[in-house]
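Next, two complexes with chain A in common: one pairs it with chain B, the other with chain C.
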Partner chain A sequence: MHSPRPGFRAVSKFESLFAYEKPLTDGYKLLPFRFTPFDDQNYVLTNQVGEFLVLDRPTVETFVRHHLPADNPAYNDLKSKHFLLDSDSSVGIDLLALKARTKLRRFANFTGLHMFVVSLRCDHSCPYCQVSRQSDDKIAYDMSTETAEKSLELVFRSPSPNIKIEFQGGEPLLNFPLIKFIVERAKSINELQKRNLQFVIATNLANINDEMLEFCRVHNILISTSLDGPADLHNKNRPRPGNDSYQRTIEGINRVRSTLGRNQVNALMTTSKASLGRVKDIIDEYVRQDFNGIFLRTMSPYGFAIKTKWYEAYHSNEWLKFYFDGLDYILELNRAGHVFVEYYAAIILAKMLTPFEPGFVDLRSPAGIGIGAIIYNYDGDVYASDEGRMLAEMGDKTFLLGNVHKNTYEEIILSDALLAPIEESFAASVPMCTDCAFEPFCGANPVFHHATTGDFVGHKPTSEFCEKSMGIFRHLIELMRSDVEVRRIFTKWANQAC
Partner chain B sequence: MSHSLTFSKQAYSLEAIKRAAYRFSDRLSVEIIPHDEVTECVCSFLNVCSDDEAQRTLASFRTEVLDHDLRLTIAKETEPMRNAILAYAFSKTGLQGSE
Partner chain C sequence: MLTLSGHALELKNFPSDSRGTVVRICAQKDRPFPLREREAFLVTNGEVPEGFGAYITVGKDARRSAPTGSKAIFLSDEFSYLADGDVVRIWPKNNQVRVLYRRNSHHNHFLMTERCNHYCLMCSQPPKDIDDSWIINEILQTIPLIDPSTREIGFTGGEPTLLGEDLFRILRTAKSYLPNTAIHILSNGRLFKDIEFAKRYAAIGHPDMMIGIPIYSDVSTIHDYVVQSDNAFDETIRGILNLKRLNQRVEIRMVIHQQTYKRLPQLAEFIVRNLTFVDHVALMGLEITGFTKANLDILWIDPIEYQSELYRAVSLLADSRIQVSIYNHQLCLLDKCLWPFAKKSISDWKNEYMPECEGCREKENCGGFFSSAKVRYSSHIKAFI
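Then we have the complex of A and B:
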């Protein structure tokens, strides 16, 4: 038998079995975590960075009372997911701190999404529209070059290394000359600023022409459009003169793809009452149009959706059934070999299954208003979010931060209209959220709660936002628990959403 | 109709009971009355329900109080660790003050 060389210590590839059989007497320390009932027998537990476990209630209580033996099947899960610390988990704190820093790093970057309402005019008259539009002959509702210039000064005051400028409306292409001005001016400013600069036009595509497409190609501009489903449903939801919205949208998508490339156009849908029984038709339409996925979106309680009472047309339970049916169908497609993603689930799964924070504004705490996304209205008013602008169109200017012609960057960003809702709605210090195991996946959403209850926090036991969000969180976890194949598919979605 | 539940002051904190009462405020209006040895909760149902439903809700409320008691135990025990992890997480970012 050879003796080891001096300075050389023989190591085995694996620890001995004994190393894993921790004696009870060593004990363990609890690491911070939350728990919430999951079903009649089980609780879901989440740690500080959103890693989760589902355990039965007696195990949770035994664990919290420091009586869980190391040979309990749950012990290693609790240890590997940073719910406990024992004498041989010395890297546990380092790993947890690294994951916490990764989760929170987006906040330090500050505002990355800057939305410009270049025109409030629109050729559509969608009853669920979240913006009170004006008819398309009123030039008074277009943004001026002076307002755009002042807004761009504020955009580049954000410290974010990534700046995305999104053109919104109304229908932004009705003021295409201003889009050209903003893109060219922003790129000129960026020659010195050296940010990662991106542009998106949110358009119904009804009026896109060759000049616009060529400009988008030259400047690498992404297109985001609306597609609510097959022709009859889309045209019912999105009326316009000639009742040809669907035809124009599909033609527009094809033209964008042939000029800019297949992945330069994305589509969003909104769920109306008429959509409820038709989730498969809607998904089939997205598959037929060769999209890689779909974002199943509920209606929002703002603008015309309130005036026309379309928002009240269905209850959150009905929407959840629509969403779950859609998710089941999408999973069927994936099992059959067709890779197709539900993007809202993918955002949540990224929070559940990765150390990264995807930064979706509605699912952030502190809220993403102002500090994640900000909106410059056609008249120079600055709002904390697109939804805040929609409320203002209804007469509620709670989220008006200032005006680009009258206020400085400091006055706008440090205004009470921004700081108060962010501070008050911070989920870690809100009743019920502070104890909720789903908090790492959820968001503060002060604009929604203000719109529906009159305060930034809302009443969580009756909050529709809570009901929908927790319904989805539970469903996603249950699907992963009951089917390994689903877990594999969801992990892929999560990694794509980061 | 109201129902009275009592919780030993030795076993359950007022904080745990208040949190449970808030959580159940979509179903129950809870009046919390501290006595010498116990805390009494007078629970009134917001909507009409059967006796069975009422008993199930009250049993769930008791479990919820126990859950909050455990949560408070976790929060108290892990507070230094929680602060340490966040301090450590940001220790190299240069974002902390110099104090």
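Then we have the complex of A and C:
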């Protein structure tokens, strides 16, 4: 009846903490980590699963030389976060493996976001537009039902249990009959496929009507729109005949909310030269329109933004100042009790503060092109990313993977046009990224670097992507270090984003 | 404090050589006859229905009310709380009575063994290296007598997993007789490092069974020191990973004292990063009994002094969407924003309040003290008037 009795001691006495620290005299092993100077005195250290520490230079030096004594205050922090392994405990290896698997598990799902350019036509003529658009009467730029049908076949070849179909343009509502066709066809295919199927329409809302709203309600379709700030700024950035884009957008948002639900619509902003210095006005507009947060978005070097030279209108440091001012103001709102999120920070914070990976396409390595998101153009051409088709509209077809009428799923997914940029840009093996402590928070961005420097890797010391990203990583860490309440707010944001 | 165990004033007509018997108390005078033989009737107002296996009377002058010739148990006023549906063990050899189950209580725990493979600095139930396997049968006899509408029962030790197959037998019996009763087990989790052992536990398939496992630090040396056993940290973590691999419900328990409070925020972060899938985290105040009394100098810290660590740990866990509770703390010591996490966790039979609590309007909502806290408690206890 009695099982063996492990661990009984002969004498009832207690041993000191020192007795349990004894084995540590035989030293420790370093687990994989990276370090980068943080400020004049300190370094930031990260491991591959995104845990980080800020330590002063002498401590880092002693640590990497294997001389850090167990009674140094940093020792237990380094051990707890799995930067070192000593003979007292080996379970850290198992935990690291578990965390690495958790961070990478999204990749196993493969392509989840499928974008359909149902029409290139648009009623707006935004100078920062990333897609060269056509005036809204040219039917030649609409997707056909045959192309949609072929594209859907490819969508359901993806093994992902979650499939999100996003309608893009141009202005997709200008080809609403095709949206109806695709939604109904996808749902019918899904009766057997049983994926978690979702739909989003990215629209300026200027032309939404009751029939469209009713269709969205019945099929539980989400709406994503553009709101650049208060009326004057929004209308300046987003001209359309009648100069009434702001009014139409706000009316549209309210109609969507009352028909589909409060959180069925979200808005995105783009920062133009005119936006700089007005971040507070922009955020206030989002607060006024009762949004739960804002995504402060920089401009991208594609499409009309290049042709009109709007992209060159401000530099990284101007953008960062805009972003930091905005973040300060948002934190002020939160401190005063108004819960409001900056979504880009939330994505990065999820990487820093949780064991999960939020899977944001621009901050993934391997890059999210093709294997995270893929786009089916109006003419049946398949691109590795939205930005990839924008480049194509400018004449650079580097990211063209094939055509739904000519190529099989295997030909598209295994094409060199997809595999080469993913492989070459993989951050952990790219010069400079491989040594950068911020790599676990960052991503490979082969399309951006190809567009700006002509190759998938780019030149990191002069990369604007690198400058902006690192600036934000440092700033977020600094904010958390100096203020316990900011850390609390950030933890809440992070857990919302994953 | 309730007396759960003591001597009877007198036992009548029990064979003196008999082993302990486990018996359910009945206070219904119209009880169907076939059930009476196995039950002990609680005599209250002089009425003595026939046919019960035994009769219990409580109080000095109640002795005369037992029917002649029947087995009778006379108890002192300490046991006046006994009521219909409770279960007691009578041990005639040394005149002993122990209350095993109280139907009106939400705090019914069964000690499964006093043996343990830890030797914690603050153990409230110091381990004994004895053969106490008789307890297994007592529990197996008790379970069928428990009211099936009981919300929860607990199993503690010692270390219950040292029972091996007998632990699983008891849990299966509980599942069979009490399918709607939640089970809570306190274990150090080490033996679950063996996945086969963890699979046997999971195979019980109880729909509402949680196992509470202590982690006292994010650092192996400190945890091993607190439990006075090498390799405890590694084995416990591996045990938790195996249990969660098998979809078992796991709670992490942590006792805050002088040796553990400093790294409380780091422990919270460790849980968020490494064990984010646990079902509950309980951060507990010290109970001053057992080994804690002997080690009071190295354990005691006034809870007022670790409030900032507690705040950081609780907010980090809660903000990271992990269920967290504070046990065994008085509201007047806690930041108001921590009140929603504070639970009235102390078992009813040993839950008390101090003279400082006189007139406090939050007493109803406050967890109060262990009765053992008289030895030492915070010097910042203050009534909300």
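Rule of thumb we're sticking to: the second predicted complex is superposed on the first by the 474 of 498 C-alpha atoms of A that agree within 3 Å, B and C clash if a C-alpha of one lies under 4 Å from a C-alpha of the other, contacts with A are read in each partner's own complex, and residues count from 1 in each chain.
To be clear about the criterion, a contact is a pair of C-beta atoms (placed from the backbone, for glycine too) under 8 Å apart; a residue touches a chain by one contact, two chains touch by 3 or more.
This is a predicted model, so every value here is computed, not measured.
Chemist: Check whether A:D77 is in contact with chain B, with chain C, with both or with neither, and answer first, second, both or neither.
Modeler: After superposing on A, A:D77 lies in contact with chain C but is clear of chain B.
Chemist: Thinking of the overlay built on chain A, is A:R101 touched by chain B (first), by chain C (second), by both, or by neither?
Modeler: In the superposed model, A:R101 contacts chain B only, not chain C.
Chemist: Check the residue A:K29 against both partner chains and state whether it touches chain B (first), chain C (second), both, or neither.
Modeler: After superposition on chain A, A:K29 lies in contact with chain B alone.
Chemist: Which of the two partners, first being chain B and second being chain C, lies in contact with A:V484: first, second, both, or neither?
Modeler: A:V484: touches chain C, not chain B.
Chemist: For A:P355 in the superposed arrangement: first (chain B), second (chain C), both or neither?
Modeler: Only chain C; A:P355 stays clear of chain B.
Chemist: Going by the contact rule set out at the top, does A:I93 touch chain B (first), chain C (second), both, or neither?
Modeler: Only chain B is touched by A:I93; chain C is not.
Chemist: Counting residues of chain A in contact, which comes out ahead: chain B or chain C?
Modeler: Of chain B and chain C, the partner in contact with more residues of chain A is C.
Chemist: Please work out whether A:E51 is in contact with chain B alone, chain C alone, both, or neither, and reply first, second, both or neither.
Modeler: A:E51: touches chain C, not chain B.
Chemist: Touch check for A:R195: first (chain B), second (chain C), both, or neither?
Modeler: In the superposition, A:R195 touches no partner, neither chain B nor chain C.
Chemist: Does any part of chain A touch chain B in one structure and chain C in the other, and if so which residues?
Modeler: 94, 98
Chemist: Which of the residues in chain A come into contact with chain B in the complex?
Modeler: On the chain A side, the touching residues are 29-35, 37, 48, 60-61, 64, 85, 93-94, 96-98, 100-101, 104, 108, 431-432, 435, 459, 461-462.
Chemist: Which residues of chain A touch chain C in their complex?
Modeler: 1-3, 5-9, 12, 14-17, 19-21, 24, 49, 51, 70, 76-77, 79-81, 88-91, 94-95, 98-99, 353-355, 484, 488, 491-492, 495
Chemist: Which stretch or stretches of chain B touch chain A in the complex?
Modeler: So the residues of chain B touching chain A come out as 19, 22-27, 67-68, 70-71, 73-75, 77-78, 81-82, 84-86, 88-90, 93, 95.
Chemist: In their complex, what parts of chain C are in touch with chain A?
Modeler: 115, 117-119, 121, 127, 129, 131, 133, 136, 162-164, 166, 218-222, 224-225, 228-230, 233-234, 237-238, 241, 259, 263, 266, 269-270, 272-274, 276, 295, 312, 315-316, 319-321
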